[in-house]
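Could you have a look at this structure, given as structure tokens, before my questions?
Naming follows writing order (A, B and C), and every chain is counted from residue 1.
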Amino acid sequence: MSEPRPEQLIEAVLLVSPRPIGNADLRSATGLSEDQTSAALVTLLERYSPRTSGIVLREVAGGYLLSTNPSCSAAVERFREEARPAPLSGAAHEALACVLYLGPLTRAGISRVRGVNSDAVVRNLIERGLLAEVGADREAPGSPALLAVTDEFLAATGASSTADFPALEELVSPEELARVRDRLLTTTGSGEPPPAEGPSYEGSPY
Amino acid sequence: MTLGPQGRALSGFTVELDVYSGPYEWLLALILKEELEIFEVPLRELVDLYLSSRDPASADSLERDTDFAGSAAALVLLKSRTLFPAVEAEGVEDEPLSPEELAERLSGYLKVRRGAEHLRERFAANAGHHPSAHTLPARRGRQRVRPDALSLAARRAFSRLLEPPVDHLGPITVTLQELAYLIRRALARGPVSYEDLTRGMDRMNRAVAFAAALSLAQEGHVTISQPEPLGPLTLAPSR
Amino acid sequence: MSEPRPEQLIEAVLLVSPRPIGNADLRSATGLSEDQTSAALVTLLERYSPRTSGIVLREVAGGYLLSTNPSCSAAVERFREEARPAPLSGAAHEALACVLYLGPLTRAGISRVRGVNSDAVVRNLIERGLLAEVGADREAPGSPALLAVTDEFLAATGASSTADFPALEELVSPEELARVRDRLLTTTGSGEPPPAEGPSYEGSPY
């Protein structure tokens, strides 16, 4: 495979960022020089121009962002109406179960119970509206946000309230439950965060 | 070597494997609770992970090394046990197979194995495609979450923390070191078949000899080859 | 603002989807005819070709998907600060091959073909979204779930459909099959060991 050209590298990075990327971040990801980056951006602004393309490159908030051409918004909106939401991963189900049964819970609490860093899963669940921040844990350093399941979650499961789910006691043994509660109460022993989520194609799987 | 509750020296060691990611201690627990098939745990990768995370300067490095060596050796032995037909007896098969049926089944397996090799290439050739991150949130009220999937997930997440009983494991009486020595000595004369190597051994020793051969292969001392299912296993000194 | 051209509409819709979009869904979102859609896709496949672009248009899992060019993956992974998921194990590839070629299959069916209990591998593949339960085997006691490969599997292998894989019969030579049969049906022998190839102790106990 031949070496990708500067504008190819930048366009690939732009595709995977839902937020504007500043010039410096583009350079550090691609390893390009300032001149190469500027020249490539000129080419790309032309290629993704609102006159010719359904995908446009915009300069916003001090960065660069790909987005859909407003002239195509009707089609995009129709697609959003019709598209089937992506199914949840196993990790997402686990995080939801933690919050449903043990919540409200901080992100760190979820990670502690699951044994792996769950920040990415939680972010995805918040974006989907299935979890929401409902306050803060004032006792913990930095007062981290507490998360709870949302009405959207109840609607998605067909439940009218959290009481509609089987009791935790029916699912796990008292010993297991005691261990889980212990785990939640211990302040993070080593100070080390749990490892990042394994290779589970989280969120957008392709 | 034991898999019993150990010191806390390894509590900070976490692993990232294909079949599992999380604290090493929980990996042991999952294996003992038979939630994870020992056969699927790549021991070599595990050892590599440990070595790369090792900090010789830390105060408890000796304790950590000891704990890890003990549990890793036990994993090797456990893994070797899965090679006993007896262990599998309760599982997959009810009735003995006729040679004809077995041949049929092995042919099927050989095809699947070739299919798996093809898939490996496909996955590798397609890795590195990342999808667009410019996705739109789903419309409110259109999402579905299955309650039974949630219950299952709760069971899975909450039962991981319980340390399993280890009493049923029983004593293990053979040492890998002895067998490793035996294999090395046999290999000094050139390649040797597993058949020849283990002639006269009982089943336990045969299985552990296999585990020892695997360990040596993982250390790079030995090459093991078996080009086809049921074909002879040949051990050769590594160049 | 002038009316957007067909390829602009399609391009915009493709940008907002993390999953392949089928031809029918593209048409219903954009309101384009079948001919317009096909012609536009030809243009776009050329425009987002792996030879020239950092963003590529792929035909996978029965649909169309924009993704980054693998030649740019180092920059993309640096930007996202995440390593590429570890490759699947040999056991996982075997379980997938069982389901792809012989499926839908129950867990016990996979274990039977592989000769070892495969429940843990299967659980992992379901978590990764590469296998999914698609029904139940009503004839077997307890009606165990039947598993099939998913669209994510097709996308990850770059396949349009399950028909996109070589037939099993093409993957093994008749001679090789005959050798296995002979070896088994005659008494397991002291015959000459075949020439050593690579180490292949991973996988199955046969």
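The rule is simple: a residue touches a chain if its C-beta (ideal position, glycine included) is under 8 Å from a C-beta of that chain, and two chains touch if they have at least 3 such contacts.
Not measured: the values here are computed from a predicted model.
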{"item": "From subunit B, the most remote chain by mean C-alpha position", "value": "A"}
{"item": "Chain closest to the middle, measuring from C-alpha centroids that were averaged per chain", "value": "C"}
{"item": "Euclidean distance of C-alpha centroids - subunit A vs subunit B, Å", "value": "32"}
{"item": "Chain centre separation in whole Å, for subunit C relative to subunit B (CA means)", "value": "24"}
{"item": "Multi-partner residues of subunit A (each touching 2 or more other chains)", "value": "12, 15-17, 66-68, 76, 80, 83, 86, 90, 196, 198-199, 204-206"}
{"item": "Contacts with 2+ other chains: residues of subunit B", "value": "16-18, 20, 129-136"}
{"item": "Subunit C-facing residues of subunit A, complex", "value": "1-4, 7-13, 15-17, 21, 25, 28-31, 52-55, 66-73, 75-76, 78-80, 82-83, 86-87, 89-91, 196, 198-201, 203-206"}
{"item": "Subunit A-facing residues of subunit B, complex", "value": "11-12, 14-18, 20-23, 26, 129-147, 149-162"}
{"item": "Contact set on subunit A toward subunit B in their complex", "value": "12, 15-18, 66-68, 76, 80-81, 83-86, 88, 90, 93-94, 96-98, 100-101, 113-116, 127-130, 152-153, 155-159, 165-166, 168, 171-173, 175-177, 179-180, 183, 189-190, 192, 194-199, 204-206"}
{"item": "Partner subunit C, residues of subunit B touching it in the complex", "value": "16-20, 35-37, 39-40, 42, 82-83, 88, 91-93, 99-100, 102-103, 105-120, 122-136, 191, 193, 195, 214, 217, 223-234, 236"}
